[in-house]
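Below: one structure, written as structure tokens.
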């Protein structure tokens, strides 16, 4: 994957950094990224995320102050792989003035899921192992930008990676409780690709990777058919997309005689409200897995 | 610096829209902008699917082609099939837009593309995209809107006489050899160009607001055409400035606030004129005639 | 010298026949009236003379040439109602439009044009209203502005559509005075008019029309009881019945 | 999945029912809107709903059907009020008023959206859905709501039919006649509001304005009378909805809402080109039929004149062919057609006009010569021009007009060229 950051950017960063009158050191797009970066830089650098909780990164409308923050940030970190829609285009063009790092694009392509020729699934953070690697690479890159704290960033990344490893083990163990045929995750838009790949959970979704594309009736019927034949019991709503779409599928399955309920909502593209348990990445993932397990375990 | 860039780009675009909007207001075809801003979607999507890239040029070509087709269809519906202008506009607008969404869902479903993202620009991003032309570094948006303003300005400067004549008295214009059809098509084409460029830059809602608001407000405030053009330009700049201030104060979407101000100020003017006229006991010398004039055209 | 020559002029709007086989020669330097009942095709004939209307059959020659080629020498004054009088223009702006025919794209009017417009305004007695807005004018004043605009064109042939319709007495006098002034200058003036009384007193030539030419010539010869009965009488009812039948059968009158 | 399976699937039936109902309701109201030349109001109202919904989201913090609808209704009503209020200023024309309200409300909608985003209200992004609509995801609750509002709209139109008709055609007259114009105007606006709000919730703002306008234009071109126009518009709309849902059910990636609109657009285009009376095709057909009828009458007249001049009433095949060809090549197929219709007979190796043929020919010649006399005596056309115009008019005269013409001309027996005018029989 091409390097998201270039030497030229470093030079102009040096010049613009000094003139920074106000604004965060690091500006990050999604709240999930912000949580990760915060775990790398700790208190050294101020981390600000543009998108709040429950916001669908794809349909995000920037405000004037967001632009000011981007303008004056020392480093901008975005997820990339077209998660941020229109904003990504603008950020790519900004790369000449301010260093912009596309976190997901730090990973080698073979580790990514290709959903269409040249298009990759951006939801890398839902696989803790992969997310740990992203953060590790991010720490190296940030280390180059801030040589003073290189070791510290890498140490913190390493420490956080252990927590992620522990989370990974916990998830593995939790998912064991679900009988294999039931290990199917049905959501509105296809966010759990990496999660499914990591833990052997099959994922089905109404929409493709982008939550903005409009699904047709055919997809609803096809999904309902699949759910009915596989006798699946639970559909999962998401925090950043409407639940109405799933109700259609549920109605279809119920009419075919199947029993199905809508659980969740799961957090996919954004963390929960700050301060709440699902306000941090680790909390969010635990909440998600608990809800998945609870949802997929056969009801008494 | 981002403030200056954004304001400059928005202001130049607003001026171009205000200038053009004034003539559209006189010809009562202000809604053309709204119709075209929807009608270009299929053209843009086809351009994207065909060229596989979101670069400006293919998008503009696609949008331009769609706008031209929409304009011809409008003419056909109105002249050949006697459909009322409003209905023709609505029909073309909706069908073209639906075609656009159809193409998007059918062929670009997987690729991360949607009406909101592929078509409508975002004014806030303007300062972030710097491009250097002849050594001067300025946002791409500023260059395009400056070129647009130059184009519209030149057109109005050169064809001012003809535009006024054709809009005021088409029959007389025809009798001295200036064909009204040719000039109205030229005006429609220019509107299509402004809409297409502005769409890519600031999004659909702002295009309509900038085309309609200042022109409608100026129409109320002034009595002579040259004054109207000037006042509509000032109102446009005012809308951009006030919009930016409000967007900054409430940390809201810039395009949204400018649209609110551009649309809202007309309501305020109407209210003020109502208040000023109602208690005014001493009628102006010609008010008698003016009143019957108003009676003749109940809007 | 013949100013206007019409040969078998036939005009069809969609499927309604407006003019049928009108053939006549109108002399130059005369005050000519086109008169006839409602729907007789008076305005259509005038607009045909300016080249604003496509002829289904026949042709029209102005000074021996096609109307399109002599635009500069012809001035046309449309009916008042065709215009939005709430347009943000002053009286002077409108009169100045009379000179636009000579100005190239982008060329600004020069001093001589301003003077010509000023003189035209004086001729119609509207010079005090030069800076006044259109929306502040009465019906008569609007008519005089249109007349001034026509005069500003300084043409040889003036074609005026109902210049005296619905105007106050003062404006009527001004218009008639201007018509006489134009005739004195040897210009040809063709006026669509309905009041036979004024025509008898003030006009030289008359074209009596009702879908087809009833009569054309000097006033005393044309305004005879027989002709008037022919034009206004009922016996041409059959013709309008047929026009009505054409309408129903959607039959285009293509012939010859 | 085949067509049959699709339409037996309960979910599809809901989507079909919902979309067809909404399309029909919008089409009914659309007719009134288009006839009142307010077609663009639908588009403006559709977009003005956005701030209302955003506000409902801010207050209720979730996607409750009731709250969303209340918000949408409130905003649309406010937009309508503002439109009416702005009407007080004559300098502000209709298109300016619509543009101002559109930008004001749509701008407010976007501003509220960013406020929602800032406060992290759940799935604020989904508001865009109300613009582009999610016609495939119609839920039973929405179907019920659409049915309820549909019933109200249909009942109101049926009940107050003549009043609404009068109001749309000539409001001043309606007032003079004593109709409660104020209340009727309110009723009309309420109908539009309800239809638009329900439509926006399920198919999106832009598709609403399409369904308001397209069926009305198509129906107007197809039928003359207002009641049948409403019926045809509603049927066309419902049919394209059913087909649209079916297609989007069968083929993946085919969006439901836009497909319905495209189908409706295609129907309208088809009607304009081929279906309607004044459509391109129909007029061509009519003209064709007329010309063919004229050709037959011309040939009959030609043969009758030959009988008149040569005194012989039958001809050999060669003679007949020579006569026809001398006049015009196309006369040959026409004669063949006349033979088929029994106007021309082949007896004992001879061609002759059948009694019916003779009778029709005489009538044509009679009309022709009467016309020549009229044109010569009243219209003052030069004699050599008479034949041309009379040639044209003879085909058009209805029998009663010919009798009236004869009475006017004083029952003449000779035409301007001295030829006898056959009596009427």
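The chains carry the letters A, B, C and D, assigned in the order they are written, with residues numbered from 1 in each.
The working rule: contacts are C-beta pairs under 8 Å (C-beta built on N, C-alpha and C of every residue); 3 or more make two chains touch, one makes a residue touch a chain.
Small disclaimer: the values here were computed from a predicted structure and weren't measured.
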Set of chains whose contacts include both chain D and chain A = B
Message = Which chain has its C-alpha centroid farthest away from the centroid of chain A?
response = C
Query = Which chain wins if you rank chains by how close their C-alpha centre is to the centre of all protein C-alpha atoms?
reply = B
Between chain A and chain B, centroid-to-centroid distance (C-alpha), Å = 39
Task = Go ahead and note the Å separation of the Cα centroids belonging to chain A and chain C.
result = 76
Message = On a C-alpha centroid basis, what's the spacing between chain B and chain D, in Å?
response = 32
Query = What are the residues of chain B that contact at least two other chains?
reply = 101, 105, 109, 116, 219, 251-253, 297
Inquiry  = Among all residues of chain D, which ones touch two or more of the remaining chains?
reply    = 90-91, 110, 113-114, 118, 128, 132, 253-255, 257
Inquiry  = Could you pull out the residues of chain C that touch at least 2 other chains?
reply    = 86
Note = As the complex stands, chain B meets chain A at residues 1-3, 6, 54, 101, 104-105, 108-114, 116-117, 121-122, 124-125, 127-130, 140, 244, 247-248, 251-254
Task = Quick one: which bits of chain D touch chain A in the complex? Just the residue numbers, please.
result = 1, 6, 9-12, 14-15, 63, 110, 113-114, 117-126, 128-129, 132, 134, 136-140, 245, 248-257
Task = Please name which positions on chain A make contact with chain B in the complex.
result = 58-59, 61-68, 70-71, 82, 85-87, 89-91, 93-94, 96-97, 115-116, 119, 208-210, 212-214, 216
Key: chain D-facing residues of chain B, complex   = 25, 28-31, 33-34, 38, 81, 83-84, 86-87, 89-91, 93-95, 97-99, 101-102, 105-107, 109, 115-116, 205, 208-209, 211-213, 215-216, 219-220, 250-253, 255-260, 262-264, 266-267, 270, 273-274, 294, 297-299
Key: List of chain D residues in touch with chain B within their complex   = 34, 37-40, 42-43, 82, 85-96, 98-111, 113-115, 118, 128, 132, 206-207, 209-210, 212-214, 216-217, 221, 253-255, 257-259, 261-262, 264-265, 268, 272, 278
